[in-house]
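Structures incoming, each one as structure tokens.
Each of the two complexes below includes chain A, the first together with chain B, the second together with chain C.
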Partner chain A sequence: MDMNRREFFKFCGVGLGASSLAALGMTPEPAFADSIRHFKLTASKETRNTCPYCSVGCGLIMYSRGSGGRNVKQDIFHIEGDADHPVNRGSLCPKGAGLIDFIHSPNRLHYPQVREPGSKEWKRVSWNEALDRIARLMKEDRDANFVEKNDAGQTVNRWLTTGFLAASAASSEAGYMTHKVVRSTGILGFDNQARV
Partner chain B sequence: MSSKIIEPGQIEASATTPPFVLLPPKDVFARRAEGLASLAADHPLAAYLNLIARVSAAQDELLANPPELPDLDQPALVTALKHQMPPLAVDSLLQESHWQTVLDVWLTRFSKQNPDLPAPVTQALAQLQEASHQQRLDWAKDLTGGRFSDLPGAVVPFLGAALQLTWTLWLDQVPAQNIREQEDQTVCPCCGSLPVAGVIHQRQPADGARYLLCSLCATQWHYVRLKCSHCLGTRGLEYLHFDDSPYGIRAEACPECHTCLKQLYLEHAPNADAVAADLASLDLDMSLAEQGFHRRAPSLLLAPGGDGNHNREA
Partner chain C sequence: MTNHWNDIKNANLVLVMGGNAAEAHPVGFKWVTEAKAHNQAKLVVVDPRFTRTASVADLYAPIRTGSDIAFLGGLIHYLLDTDQIQHEYVRNYTDMPFIVKEGFSFEDGLYNGYDADSRSYPDKSEWDYELDDNGHARVDPTLSHPRCVYQLMKKHYSRYTPELVSQICGTPLKRMMQVWDTIAETAVPGKTMTILYALGWTQHSVGSQMIRAGAMLQLLLGNIGMPGGGVNALRGHSNIQGLTDLGLLSNLLPGYLTLPRDNEQDYNAYIAKRAPQPLRPGQMSYWQNYGKFHVSLMKAWYGDAVSAENNWGYDWLPKLDEPMYDVLKVFDMMYEGKMNGYFCQGFNPIAAFPNKAKISAALSKLKYLVVMDPLTTETSEFWQHVDDYNDVDTTSIQTTVFRLPTTCFAEENGSLVNSSRWLQWHWKGAEPPGEAHPDVFIMGGLFHRLRSMYQKEGGVFPDPILNLDWSYERPDEPTPEEIAREFNGKALVDLKDPVTGEVLLKAGQQLSGFGQLRDDGSTSSGCWLFCGSWTEEGNLMARRDNSDPYNMGQTLGWAWSWPANRRILYNRASADPSGQPWDDERKRLVWWDGSKWTGTDVPDFAARSAPEDNMSPFIMNPEGVARFFARGNMAEGPFPEHYEPFETPIGRNPLHPNSAAVTSNPAARVFRNDMEVFGSAEEFPHAATTYRLTEHFHYWTKHNRLNSIAQPQQFVELGEVMASELGIKAGDRVRVSSNRGFIEAVAVVTKRIRPLQVDGKTVHHVGIPLHWGFVGVAKNGYITNTLTPFVGDGNTNTPEFKSFLVNVEKV
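Let's turn to the complex of A and B:
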């Protein structure tokens, strides 16, 4: 079959002149073609993602409105399991099925906060302050408690007083990076957020 | 949108792979006829939708009481399946005269059932009835080959209906369980035709999965979602519909190859038929064409009457 001669299946806007509609005397009113210009086309996007909750890593499809342009409000309006995903074949547990409310929750954390030792109050801090504070506390703790050699004098380079909890929806590659970064500081106690 | 509550048995169903091929149910044409008749109410294309509803009803009747057809060559079917080729390949089976028998019987039944047809329709039926076998074969090749401007628009829905009916009847002879799953299957694994639309299912074992619906034999086959069924692109796909779109239809538009495919979301229209919803949402096609998105998916029940040579695919 000569595939190259295949035409696009395209309707002529004005009057649908040569279509089966006209040929059978069933052309719609001329106003039909005009009216279409006044209908508003709505665009939505469907995007694949991974559920953030546990280590099963179920596939999701997220439905959103709004283009990627600036000053356009983007809004996720529906989330469902991804039927093509080999892990969950479209199904979700009750937590995963409630993800849309998690995204739109008014109680969601929007910025870093700190509750210092002895204080009852959460204090809002900037990202820079938060990261500086974490780095400083980690370094102080590591400097104070790092174990370079064991009792037998063998080099062990352990840092046992700090632990690390990483994300659950991480890919194998992200897991590898986590391992490399965290282990290189000497931390032994680390896990992925898989059982919460 | 609220989440659904899982029924007993659904968890097992979720754990299985959705079937690759869904053969059309026995009432495929009856449901299409019902769908078209209900969509026709207050529709600008009411006359045409009602006509196609009658066409589908006649297809339904003949599917239940088909004319005597000789069996297809079974070794050829088996060989085709073994080599992952469509067993009912449209370009080779068109050469057989069986479909012309079905066309003759269908034309007689349709005319008998509908004595009150308007003059242009009876003229088109007569034109098809009187045409030579060779002429009908040429028209059928043009229609299934997507050369819509090379055959008269008036005979298209009736010729298309008889072709659909023949291929759907032939599906009985295909051992569908032997069709092996292939990734990126963009044409029908049974007959090699292009899909007319996509269908997003809402019942197990295919809940949430997308199937492409064959424009000829009504077979549905699984095709991964969020992927262009023309260029296989996955980037920047948009899902376009009119505000308050009533038919559960959204068009998957690919910014890379500028084609679009209409999809029926059964979650929003559980009883809808994709072919009926496609015909009823012609306005969406016209709007998308203005946005520069071309449609590759043919409907055999409506010749688009585009401007012929100027919109051929490169």
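Let's turn to the complex of A and C:
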């Protein structure tokens, strides 16, 4: 039988509707199945995550379209609380319930940019250009201002003229790596959100 | 948190003070509801505003912002005076019997040893115990010695009479006594109170001492280490717990290890100072293991390049000439033109730090600023002129600004540590937009470039950069899994049992806990506290067994909790000195079973130390007991004392009305030029406080449509009495100004803020939510921190965002 998807549902729906409703003594409308909306989470991929806002650490389930294949871009279209999670047991607050809008915010940044001294605008640059330039600025400043010994002749090996403010929602792995790199340069002006 | 979210259900009383969990942590607050519904718990809220937490409380008491130490000090006095304390607990588990040195004193608001010029106590040596010939602290178990901690504390708080406290706090006396009596009921061994606090305690110039006062209260009542007890910092961001545990603070290394000061040139002395000998016979003094943690960290960072010969790379660690280069210090240096570069990783300082004008001027003096963020931030756009919201001259700002797009939570694997101290693993669900990359990619990319430049060109002191261990499979972007295994740590050689010679772990295997760490270079661990999170069993942070066999809410199979998967800290104190739970029916946590410690949680104790060995429960302290007397560990003194906010609406400290030097915290650091821009009550008569709303998260969610629909526009909250005095109606536009600038917003006129009678004056509070700025999809607004003062807590330098002075006018 040659049948497209819509006709298939119609066919099944009519059959199901007719058999059950007929049993109740009703005559179903033939168009009944047209009003059945496909459950939107069917065939979506579920991924477990943690809410990035306050520190309750509510469990999330993120639903995305896409097969998960290598050349497929997953698209997250729905987020809800993880009912298995012992703290939130499926619920989310007004912030967490709106998380989908954070992922898809129109103000997400897409490309590295630079604003030159005195300029009124951003200029798009490549990652290589951005990282090359930043690393060069770091080295110039470090070489010029690194303090190996203090006035008393004590070994202090610190770099005070560049500082680093670490994140509040970065993963522990990102935080650990940030600390490892920052401390190796001798930076002391180093804090995270816990300071404020 | 000493305890954790689910454990709130075990409480008999919940005190929310310095926080507003119903609005700021709504889902965590479910556990308060659970305690009320199923444990007949009462909820008490003490807050300047009648918050949504207060609206479901059994008892609410208003309090003037910044006066919490007076309230808690008065309560401590009341409990001691009426003898409503957990006697056996304080006698055995706290420092009450310890005798303090003769030179310790407190007069006219100052402890001994104060130096007014440096605004500090340079010599704290008398703030300590008297020692006997064996180096042990002297104690008086009868608590009658005039210099024992019990007597000193009783004397210190005898000044905090209910009448004076009510005068300082503005809390009506009758209501205050009701709260105190309710709290006092938990002094019986089987009843517990939990304290939930957040930035309402932290963000004051005496914030650390407020929290200490709360901890002292809990010790008096025997509520530390107990199910449904503890002092619980709710914390404000999803991973500030983890980032703090990992030591991303000026003076720290991972796992609360500390960086050396300039004068600590000798490695062995550095370790010895941090590994104290027990101060009482038979105590554990767990920090004696400091050397093992430190050496294992240096092995994780520097691998084969460090050994005993080079003191495990001690000279490669920067030394501090200041107690810390905290953000206020750094931005003051920047303002003075002493800094050239600054990185902001997922952080928006121009919105998040006090006195926006100063922050903006400081950023304008930088040569380069690098912002890594998933979103557009005000900091990355600080040079843009945006009407009155950001009134700057763009062309005169010579800072080069780089903006690097990063992934958000949904686009990466990794772990976050919630306020329960649980390390919870999460999984990537989608690719980031455009060319955005994870922070690790950026840090790896910068590090690589730096290292290759130092290799090719040479430069100043390249050793720590050249020797940093970077043996990742893909050096440009290490995976989260590799990094997590690194901070857990591994055996570097076959680890043998020192007694039997049996091989415990083979070289290269993951360690199963920090008890295996060694100081001879045979183990590595990037953060000893996280050791045990990724073992040979795999990634324990990813565990999802939510079963709770004892119905105590501990869920030991869910994720992994530091330390050692322990869910409640100090839990040995939940059992009496003989090793049995204070309440065997409802508060069963850990106990001695005749041969070892066991229980519904992982015991926080030496597993085989029998009760008759007399080891005390607070194993991290060399004295083995908890401290009422902080010794030399706090900047402003061993007992919390009430000092006014730097901007006080009453202009004096009623405890010391005739001494201007101790009106506000005498040991808090104030920079040149900042003292001058503090406002006075004559010009700015109203007490202001800042806070979050339920619908927004910090400065992020104004970029989200749903949140912006729920709360689109900036507003301030005024009480009805104040509004009618000023002729302001709901919906009017008002200008709120401090001595540092102004904001304009819509007035919400509310019954939730009532005038308080303080020190003979009427004090009105102004409530200022903090979520708006000059970028986002919500309506533009003013940065709230335009108004706040540039001064911090005496110990942590966390800014005083919660108490300052403003004037309010109708526009």
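A few notes on this one:
As a convention for this text, the second predicted complex is superposed on the first by the 108 of 196 C-alpha atoms of A that agree within 3 Å, B and C clash if a C-alpha of one lies under 4 Å from a C-alpha of the other, contacts with A are read in each partner's own complex, and residues count from 1 in each chain.
Everything that follows uses one rule, which is that contacts are C-beta pairs under 8 Å (C-beta built on N, C-alpha and C of every residue); 3 or more make two chains touch, one makes a residue touch a chain.
This structure is a prediction, so every number in the text was calculated from the model and none was measured.
Of the two partner chains placed by the overlay, only chain B lies in contact with A:Phe39; chain C stays clear of it.
Legend: residue contacts after superposition of the two complexes on their common chain; A:Asp75 is shown touching chain C, with no touch to chain B.
Using the contact criterion defined above for the overlaid structures, shared-chain residue A:Asn88 touches chain B and also reaches chain C. Contact with both chain B and chain C is seen for A:Gly98 once the two complexes are overlaid on the shared chain. In the superposed pair of complexes, A:His110 makes contact with chain C only, with no contact to chain B. Once the two structures are overlaid, the count of chain A residues touched is higher for C than for its counterpart among chain B and chain C. According to the touch criterion, the shared surface of chain A, contacted by chain B in one complex and chain C in the other, consists of residues 45, 47-48, 81, 84, 88-89, 91-92, 94, 97-98, 100. Touching chain A in their complex are the following residues of chain B: 1, 3, 6, 10-11, 14-18, 44-45, 47-48, 51, 90-91, 118-121, 124, 141, 144-149, 152-154, 156-157, 206-210, 224-226, 237-243, 245, 250, 282-283, 285-291, 294-299, 301-308, 311-313.
Those residues of chain A whose C-beta lies close enough to touch chain C in the complex are 45, 47-60, 62, 64, 73-76, 81, 84-89, 91-103, 105-120, 122, 127, 130-139, 141-143, 145-146, 148, 150, 152, 154-181, 183-196. Only residues 1-13, 16-26, 28-29, 32-33, 35-37, 39-48, 61, 77-78, 80-84, 88-92, 94, 97-98, 100 of chain A touch chain B when the two sit together in their complex.
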